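Two complexes come next, and they have one chain in common, chain A, joined by chain B in the first and chain C in the second.
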Partner chain A sequence: MVTSITSFGRSGLYDWLVQRITALVLGCYTVFLVVFFLSNPGLNFQDWTSLHAQLPVRIFSLMALFSLGAHCWIGLWSVSTDYIKPFGYRFLFQVVVGAAMFIYIVWGIQLLWGF
Partner chain B sequence: MSKKRPVNLDLTTIQLPLPALTSILHRVTGVMLFVGLIFFFYVFDLSLANEAGFNTVKSLLTQHFGAKFIAWGLLTALSFHLLAGVKHLIMDFGYAETLKSANLAAKVVLSSCVILSILVGVWLW
Partner chain C sequence: MLNVSIYRYHPEQDEKPHMQDFQVDTSGKDLMVLDVLFSIKEQDSSVVFRRSCREGVCGSDGMNINGKNGLACITPLSSCVKKNKLVLRPLPGLPVVRDLVVDMGQFYKQYEKVKPYLLNDTPAPAIERLQTPQERAKLDGLYECILCACCSTACPSFWWNPDKFIGPAGLLQSYRFLADSRDTATQERLAELDDPFSVFRCHGIMNCVNVCPKGLNPTRAIGHIRNMLLDRAT
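Right after this comes the complex of A and B.
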């Protein structure tokens, strides 16, 4: 039996739901960017920055960024509980994933709002 | 638990049905994408930082074989993960759960991913 002590929301059902909602956000964001690239061939710096300077786009990117953090954390938490049995190694893996997602979120905020 | 249950540990005799293949690939691509995040963030950061950075990204993605290959690999993984993820969500709502329909759904995901992967390649090269 796996105890859920380190899961995201301390409840499997809650994690399951968050995993799905974040998947939906990430899916929409991916489609949004693909459509943008396809409809702007020969993209230049001005088009690209003016897209990301708009408030709604910034909010959408931020949503995707937070969703990414939760999605990866929950996803890789499941993976670690399936394959890494010794507590120490599993915990280390989860710490690395958690730290990575924290760094990505801070980096993401900085690059989105700082240009 | 009875110790007399039959066990089958000869993995070569176990068939991997298509839905099982899409399931494990969904997991593998999920981990690949996580590892690949460093590239996504690097490119995103560089492209927004200033015009020179943007042009570096552009020339990397149009001229540098290694960069194009990584981009192709990650976008293929993303295509698969997204398609299989959508299939997963549809199945969560209780559709495509019979043997026949589940096999069909797995085939649709696998073949759409091959097509998307080729399209990504065409787009990059």
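Right after this comes the complex of A and C.
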């Protein structure tokens, strides 16, 4: 058993499962957006805001946003433990990624629910 | 004449490794790579490599042959030589002791971690622990591993974290005992594997399957371990 305190869920299995589920959510969200763009060729700001004013879309977007944060954290944590060997740089990278994910999520919530 | 380029490194004499070229007369025969190495050894006795059984059973002569790990004794020239050139390097990712000989210490440490022996806390029967043919069949494709390290040293996850990721060879053996009906330590074994490195550093790129000289499939075994962990935890 290798101890790890900076990984997303501390457990390899948990991180692995979260990585797969979040990938599925992000995949579905991407398909949803692509279909929306293709079916609305003359898209304007009004259409865009009315789409995101709907509660199901907001919930789906929020789910995708959380998924993106978790997926990025797990993926970039793996990259950092593979390629950044000096402890200081690795920890700094993990802090920066963690902070960026937190900021994106809070910012995203504000965008989705703040208007 | 076959052009052969061999990785040479003598830590006590050389500052850094270099490649040395040889020419070997194969007389048009489809020799094994190990036969070529024997011919080179006659030309220059300082070339160092490991070999023992010369028939793909002992796993001593694992090396990187024209970019792909394999056993020199069972790799025919026809399967690896391109443009009449053969390049031999030590197994990647492990410290080089000399020329084509690597220090397998880290590899064996990972193998040791999975407790590659039967653990059974029930009283021993008078003669032996029996298995049904179906239970025995589950070990096929697992017990044949000869620990040549071709798979683990072809795995980037093992290159980057050889001290934390058990590697395909160790995990194949781990599953060999997880799948054994006579072993009673399944839960303890699984508990030892549930961290972000031991098993889950495998990203399924299947280099191990591509190079295994015995035709085994460590990626599938790792998938089985994952499923057992998932079954246990959900």
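We take it that the second predicted complex is superposed on the first by the 112 of 115 C-alpha atoms of A that agree within 3 Å, B and C clash if a C-alpha of one lies under 4 Å from a C-alpha of the other, contacts with A are read in each partner's own complex, and residues count from 1 in each chain.
By definition in this document, contacts are C-beta pairs under 8 Å (C-beta built on N, C-alpha and C of every residue); 3 or more make two chains touch, one makes a residue touch a chain.
Since we're looking at a predicted model, the values are computed, not measured.
Participant: Is A:T30 touching the first partner chain B, the second partner chain C, both, or neither of them?
Facilitator: first
Participant: Tell me which of chain B and chain C touches more residues of chain A.
Facilitator: Partner touching more chain A residues in the overlay: B.
Participant: Looking at the overlay, what does A:T49 touch: chain B (first), chain C (second), both, or neither?
Facilitator: A:T49: touches chain B, not chain C.
Participant: Quick check on the superposed pair: does A:A99 touch chain B, chain C, both, or neither? Answer first, second, both or neither.
Facilitator: Neither chain B nor chain C is touched by A:A99.
Participant: Once the structures are superposed on A, label A:T81 by its partner contacts, choosing first (chain B), second (chain C), both or neither.
Facilitator: Only chain C; A:T81 stays clear of chain B.
Participant: Which of the two partners, first being chain B and second being chain C, lies in contact with A:G12: first, second, both, or neither?
Facilitator: So A:G12 only meets chain C here.
Participant: With the two structures laid over each other on chain A, which partner does A:G108 touch: chain B (first), chain C (second), both, or neither?
Facilitator: first
Participant: Should A:R20 be classified as contacting the first partner (chain B), the second (chain C), both, or neither?
Facilitator: first
Participant: Using the touch rule from the top, collect the residues of chain B that touch chain A in their complex.
Facilitator: It comes out as residues 27, 30-31, 34, 37, 41, 44-45, 47-49, 51, 54-55, 78, 82, 85-86, 89, 92.
Participant: Quick one: which bits of chain C touch chain A in the complex? Just the residue numbers, please.
Facilitator: It comes out as residues 156-157, 160-161, 164, 191-201, 226, 229-230, 233.
Participant: Which of the residues in chain A end up touching chain B in this complex?
Facilitator: Against chain B, the touching part of chain A is residues 20, 23-24, 27, 30, 44-45, 48-49, 52, 68, 72, 75-76, 79, 97, 100, 104, 107-108, 111-112, 115.
Participant: Under the stated contact criterion, what part of chain A meets chain C in this complex?
Facilitator: Result: residues 1-4, 7, 10-17, 77-78, 81-83 of chain A touch chain C.
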